[in-house]
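Both complexes below contain chain A, partnered by chain B and then by chain C.
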Partner chain A sequence: MKNKITFGSFEAICITITLITTQLFLNLPRSMMEAAWTAGWLLTVYITVLALILFLVIERLYRPFEGKDLLDLGEYIAGNTGRIIVGLIFIFFFLYINPVILREFCENIKIIALPESPLSFVMLFFITCMIIAAYAGLESIVRFSAIIVPLIAGGYIIIITGALRYCDVSRITPWLGNGPYEIFIKGMPRISVFVGIILVYFLYPFIRKKSLFKTVGYRSIILSGIFFFTGVLVFALVYQYPTGTENFLPIYQLSRLVDYGRFFQRVESMFVIIWVASALLHLSINLFLIPYVFKKTFKLKYYKPLILPFAIIVYALAFFPENLTSTIELEKHFRNFAWLVTFLLPIILLSIAGFVKPVEKKGAGKSE
Partner chain B sequence: MRNFLKSLLLFKEPNKAEKFILKENKQDTETKTGAKDDSHGESKNSETFLNKILGSKQDDKKKEETPEESKQESKIDKKLSKNLAYMKKVYSIPVNGDIILREFDIMVKDRAIPAFILFYDGMTDREIINNYILTPLMLLSNLDIKDDPKSIIHYIKNHLLPQNQLKEARKYVDVIDEINFGGCGIFIDGLDRAFAADVKGWEHRGVERPNSEQVLRGPQEGFTEVIRINTALVRKILKDENLIVEDIIVGKRSKTPCSMLYIKDITNKSLVEEMRRRLKNIKVDYMIDSGELEQLLEESSFSLIPQLMATERPDIVAAHIADGKIGVVVHGSPFVLLAPVTLADLLQSPEDAYVRLPYAHLLRFIRFLGILLSLLLPGLFIAITNFHQEMIPTDLVFAIEASREQVPFPSLIELLLMEVMFELIREAGIRIPGPIGPTLGIIGALILGQAAVEASIVSPILIIIVAVTGIGSFAVPNFALGLSFRVLRFGYIFLGAMAGFLGITAGLFIQGILFVNSKSFGVPITVPTGPKTSASASSNKLIRLPIWKQERRADYLNTINENKQPKVSRKWINYNQNEGKDENEK
Partner chain C sequence: MNRKILFFILPVFLTFFLTACFDSKEVDEKAYVVALGFDKGENNFLKMTLQIAIPSKIASGEGGGEPGAGTAITTVETPTLYAGLNMINTYISKEIDLSHCKVVVFSKELAQEGIHKYIHAMVRGREFRGSMYVAVALESAEEYIQNVTPTLEANPAKYFEMNFNSYQYTGFTGDTKLTNFYLLEECSCRQAYATLVGVNKYEKSHEFDNNNSTYKERGRDRPLEGDFYAGQIPKVYDIKAEVMGIAAFDGGKMVGQFDGQDALYHSMLYGTYQSSHISVPDPKQPENFILLDVKQSRKPSHHVEMVNNAPVNSAEIKLEADILSIQSGINYESKENIPILEKTAEDFLEKGILKFLEKTRPMHADLCGFGRDLKMKYLLWEDWGKVQWLKKYAQSKFNVKVELKIRRPGLMVKTAPAKSSEGDVMD
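Moving on, here comes the complex of A and B:
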């Protein structure tokens, strides 16, 4: 094979896009509409540009530390303590978001397709798939994503094009929504939608060519930005501002509009397949990262024995919120602060690492 | 039971054994340090590890075989009586009925030298033994020989045995092996060696049409049960002196001859070494068919996807070998194994290459559709009727409901009933003796189907579903993969019945992860889609490129010579002769 790296850029981009854009199938278009009213699409463009700029900064700072992930950086700065602190932050981060997303997806699937099945039963399907995927390992998940992400993207395009004939440009006026201040200043923390880019930092040791780190990061952000933009824009064009904020599962609502002639009128159930596939990929990679980071944080030998315990913890935590609304609230809290971990933490770590000398030369630089 | 539960719940140190990874060729590995997959930097370790294994195995072998060593090592005696007694003991003469021992005298220079020959009746050609062994030795030995023979052995070998394959053996075991495989052992008094002549002549099937892989366009020859005929069938297509046929014997009792086929200057060396290592390290009592060898060679016995491809067609084997794969021919089996194999290979029919491009794509997409239907249709039907009724157009719902009105079973039971019945008919159809077998099976299915509908046991729409699924399953070109989909279909029925599309998607996800995770001789099964390899490798995979565009060999095979044909393979297309020449020719 020509590619000597563990993953090609295509695979890495596919999995990163999954991790970023899955929330599009949850309630991203609605929350964008809530934040910027009719100008949600503008907000997505703004945060995409912002994410690109921040990534540019991070990528520049990363250059001297080629092939290291954030845990290695923590160790580089403050030895074992640094590594453990950074590791714990990430473990908490993943353990918070994974159950929330799991719960949201299960609730949604229950509402869309399985209204009579108990939540625990629906969740069992998800958690089983997640465990199997985590056992199969990062390599399998990433490879599989290279196969199904193009299919998911194809399905998404079908939904968007199917809904195009209901679009009306007048629905996104006034063009600036609730005003430039709300969009450009208050909308800044919305950059958290790109929280999935965090995966790139962990994939770095697996992506062995320096230049590919850059490509993967930029392309993932740009492609995800395009998906966000189209989704939010078409949603706003079809459902005008006040109505749109009341809609549950925006993209699902769009898919309900899709019909192909008299015979195929209610094909939205077919899109459940896309939903579930993207959710499973997202959740699997998330579940995989928890034991993986844990193992790396505490320098354990194996991570596989940790998968089952962490899966059970995630499964149990997913039952904590009372209902879908409180789950969505939890996700909102997460989105308000997630950018601190995704963008600020790497910048801080990299800036400090640029000044200090490594604490333990032997430990640093080692990566899986 | 307790141990099983323990092993399931408690943590066990993973096996340290290195998995085989298809490495780049040696020159490349030396210059570039990073290896593919997650084993970078371990190639050296694995080599030493491999050596250790091989070393220890060899030691074991030595230790194991010490008791038998005397038998293996004992040399042929000068006295014929001793040899005779030894061979009689070895072949249990006269208890053994089909071994023939014939004693006679050779007349050399007015001197009678006692001798005997030994061969299996039925495995050898009588005419050859009579005319070219016994006649020269018994009658022609008296002819006047012009040059004075230096020794009897020289005289007999050079003048009296007109055989093209004559082996001279000093050990009993060498002669015995030859006799066991249709040879004729010749022992002569006063000589400390024996001759083994190749006189194979057993009954065998001729070259016929392949039974399980028929095509309309393309060669109509299939492999037979004889190893040399099979290797010759491949060599007949690939007339290349670099095509190596390496013989390895497997099985302690059956001593089944196997041949590894590869092209020396194309196939990756580490792949050849790995195949050789695996074949040489199989310790079984007997091995009859390549189906058994396949199970002994594969890495994971529980994987649902075949890791080696079995084919009856010499043209498929030749094409794959020319692409850089390895074929394994087993004596006694009309199926030849190919490795490494990918999912795309298993989904291809040889006709895809033989018919023109537009038709090939039509055939291929129809086949994919058939495969998808055979895998998912029953599951989707159950999922839609039980969970997503809104998807069915109103008129169709009425039609389905009207036809189901009389049926007392839930749709899952109904479907399972028919699927099991169909599998039963299919299985029994193969076993029914005589040529009417398959026909009877289909007639049985029709009558059973119609009768079942009339008796209101199943609904007619379900018969259609089961029939379409059945037809789709026959479209799978590879028998082993077809079996795998037949098993998985039941999984999808249950998943669809449990959770509708969610269940089916979960099933597809797990199947995908497991497929992506499985490897055949170090090559991921799902290559070139996941992991994605360069575009040239995907030529002739999911979407076929024109035959003149297939310039390079598959990337994932890491072949020694990557180029298959020059950039311009249809030279006639250029009017200017110089333009058509590629770099090598200039």
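Moving on, here comes the complex of A and C:
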């Protein structure tokens, strides 16, 4: 099970953060406000703590299975059948969310930057870059993310600090919004915002030191939690409830507010750059994972010939939603249930794997 | 071999993508609107006026310095904002672009009917900026825009920016940027306000009169500098357009108007006050004035208590001032007299502020954000909703405390009399 490609914790953290926090640039601050009204920031803190607790459980359960990803675990439990079932779950999972996110990003680009370009044209740019990235492979994507994520973080910090002058504490009052039940009980499925942590399970075989799995997981959740918290908090401090729930692309709206004198204004152009960079990374890693998981599920020798067909499928599926509203609805459904695959499935698999004897391998899948 | 092929294919491929954006537009293909005005239409819903910048004239100074030479104005009657833009695009050579629009003006008549839908259309639009100002024209928005003919500034966009920012050193208007207006309009604890604009009618200085001043309502025998609404300032100047005062809104409908002096009190209570010159009647010789250069030293603090289910709103305002002029020549700079001057200024401002607040009560217009402080005491939105603050505001009682400290006497530490044949003269 030796991998040719390995990378350190920084690269792994960067790519995981990208996968988790891209929603921040889409509609996360708004959806948190819709869920907890004025206490959206509190909900963010709560789900970050929940995600840390669940990851703690997963990490403990994972200890005896060092270096195995979830497909290996499926095979460990139930042989080929287990591997194929787990693999199919993830293929459908990625095939559902990737076209939705692709469509959402491209629609948003159309709204804010390229209003007159056809959607297919905008999407073509994205899909071309995704294909190139997937062909370049995991190592290139991860190493590129290590360069670009600090830049994205810098741009994000400029936007957030630039909007601080519009903040008013009274806008996040009443402090508990629509009540503790809505935040702490009904808000629990919102843990799905950490769906990107799923990448850590697939990166496990590629991480240089296996002990880094823990570091990458915790740090990614904590750093993403900080990004979520600052974004949701500043947005809520600027746009009170219910005004904030009207806003499409909350962080973009914040970037439009930045206006310091006659020279430092219209920084939303910077937003477009960091936004597209983060979207491309997100979509590229997602597109890479589909053929990679497919290859591993069905024990194929190569994954690269699968990239183009899957890219075409993703491109075609992205046109299925009738409009942006339907796309956002599809994403909402996904977010309601994604925690089942992100947190519950690994816990179930690891719990079962802890009790059963491994099924005899017949040429178990190797991580590339 | 493959790499060599790729090396030749790549530049060919790139030529398709390096020809700029699919929907790119050159800057000189656009007509940049700097001001937008809405009046009630006579034959349709809206009368829309656009002031469009002419960049070539602004840059070259063409027009011989003639006021307003750098802009073109057009008015169209239309059912909606965007329909109007479509109509205008049929007869001007360039495509309208609103990304540099600095001000949107609604006529009072339209504002009284409600402007929420227009504000929403702008917030939804990609081109409109949150930094543009929202204003209400006391008569006609069209007339106001036609009379914006800047003389000191060739760039009309810069004129609007600087003119509407003058509240920072006069206090006679307010920070009424679109973002602020939009947020206040939808707030459950405050109400929105817009800058009042108008067109001055005076042609010659001998025509000046005080009939339209608010000084009588304030119990004064002559107007102070802020006792006017926009368009009524006794002045003769190339530019007939003026900004002075604020319009109060309740749920997107204009419910009242306040003159420059009230706008000053509003900004002191709201916390946007920066500095201005204020004339205070001399405590010992009321026919004379003491002129102070006043600044906000701390943000105002508000406190709201519900007594018998009615709000008691208290505000504490902290100011500091430098002396600009003492007309009576009485030595108020002295250690003994400074407290007298401070007390006089505090009483003068407290009285004015209380009067202003009393006026906001029947309008249900919490323009100063007292509700904000009450809201912070609540844990659950449901409980806050039951308060129905904007409705309850009409039952408010007010307490205002102004603390003004004289810091500096200017470049003189005392006033010596002029010597005349009849003795010492102080006036």
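One rule holds for everything that comes next: the second predicted complex is superposed on the first by the 352 of 368 C-alpha atoms of A that agree within 3 Å, B and C clash if a C-alpha of one lies under 4 Å from a C-alpha of the other, contacts with A are read in each partner's own complex, and residues count from 1 in each chain.
Here is the rule we go by: contacts are C-beta pairs under 8 Å (C-beta built on N, C-alpha and C of every residue); 3 or more make two chains touch, one makes a residue touch a chain.
From a predicted model like this one, the values you see are computed outputs, not experimental measurements.
**Student:** Does chain B (first) or chain C (second) touch A:Ser269, or do both, or does neither?
**Tutor:** First partner only, chain B.
**Student:** Looking at A:Phe334, would you say it contacts chain B, chain C, both, or neither? Reply first, second, both or neither.
**Tutor:** Neither partner.
**Student:** Mind working out whether A:Ala133 is in touch with chain B, chain C, both or neither, as first, second, both or neither?
**Tutor:** first
**Student:** Under the stated touch criterion, which partner chain does A:Asp259 make contact with: chain B (first), chain C (second), both, or neither?
**Tutor:** second
**Student:** Would you check which partner chain A:Thr243 touches, where first means chain B only, second means chain C only, and both and neither mean what they say?
**Tutor:** In the superposition, A:Thr243 contacts chain C only.
**Student:** Is A:Phe184 touching the first partner chain B, the second partner chain C, both, or neither of them?
**Tutor:** Touch partners of A:Phe184: none, neither chain B nor chain C.
**Student:** One more residue to check, A:Ser117. First (chain B), second (chain C), both or neither?
**Tutor:** In the superposition, A:Ser117 touches chain B and chain C alike.
**Student:** So in the superposed three-chain picture, is A:Tyr218 touching just chain B, just chain C, both, or none of them (first/second/both/neither)?
**Tutor:** Neither chain B nor chain C is touched by A:Tyr218.
**Student:** Take the contacts of chain A with chain B and those with chain C, and give the residues found in both.
**Tutor:** 114, 117, 121, 262, 265
**Student:** Over in the complex, which chain A residues touch chain B? Could you list them?
**Tutor:** Contact set of chain A toward chain B: 1-8, 10-11, 109, 113-114, 117, 121-122, 125-126, 128-129, 132-133, 136-137, 139-141, 143-148, 208, 262-267, 269-270, 272-273, 276-277, 280-281, 302, 304-305.
**Student:** Could you pull out which chain C residues touch chain A in their complex?
**Tutor:** On the chain C side, the touching residues are 21-23, 126, 129-131, 161, 179, 182-183, 186-187, 189, 369, 372-373, 375-376, 378-384.
**Student:** Can you check the complex and tell me which residues of chain B touch chain A?
**Tutor:** That would be residues 11, 14, 24, 32, 34-38, 40, 384, 387-388, 390-391, 393, 499-506, 508-510, 512-514, 516-517, 524, 526, 529-534, 555-556, 558 of chain B.
**Student:** Where on chain A is chain C touching in the complex?
**Tutor:** Residues 37-38, 111-112, 114-118, 121, 166, 168-170, 173-179, 238-243, 256-257, 259, 262, 265.
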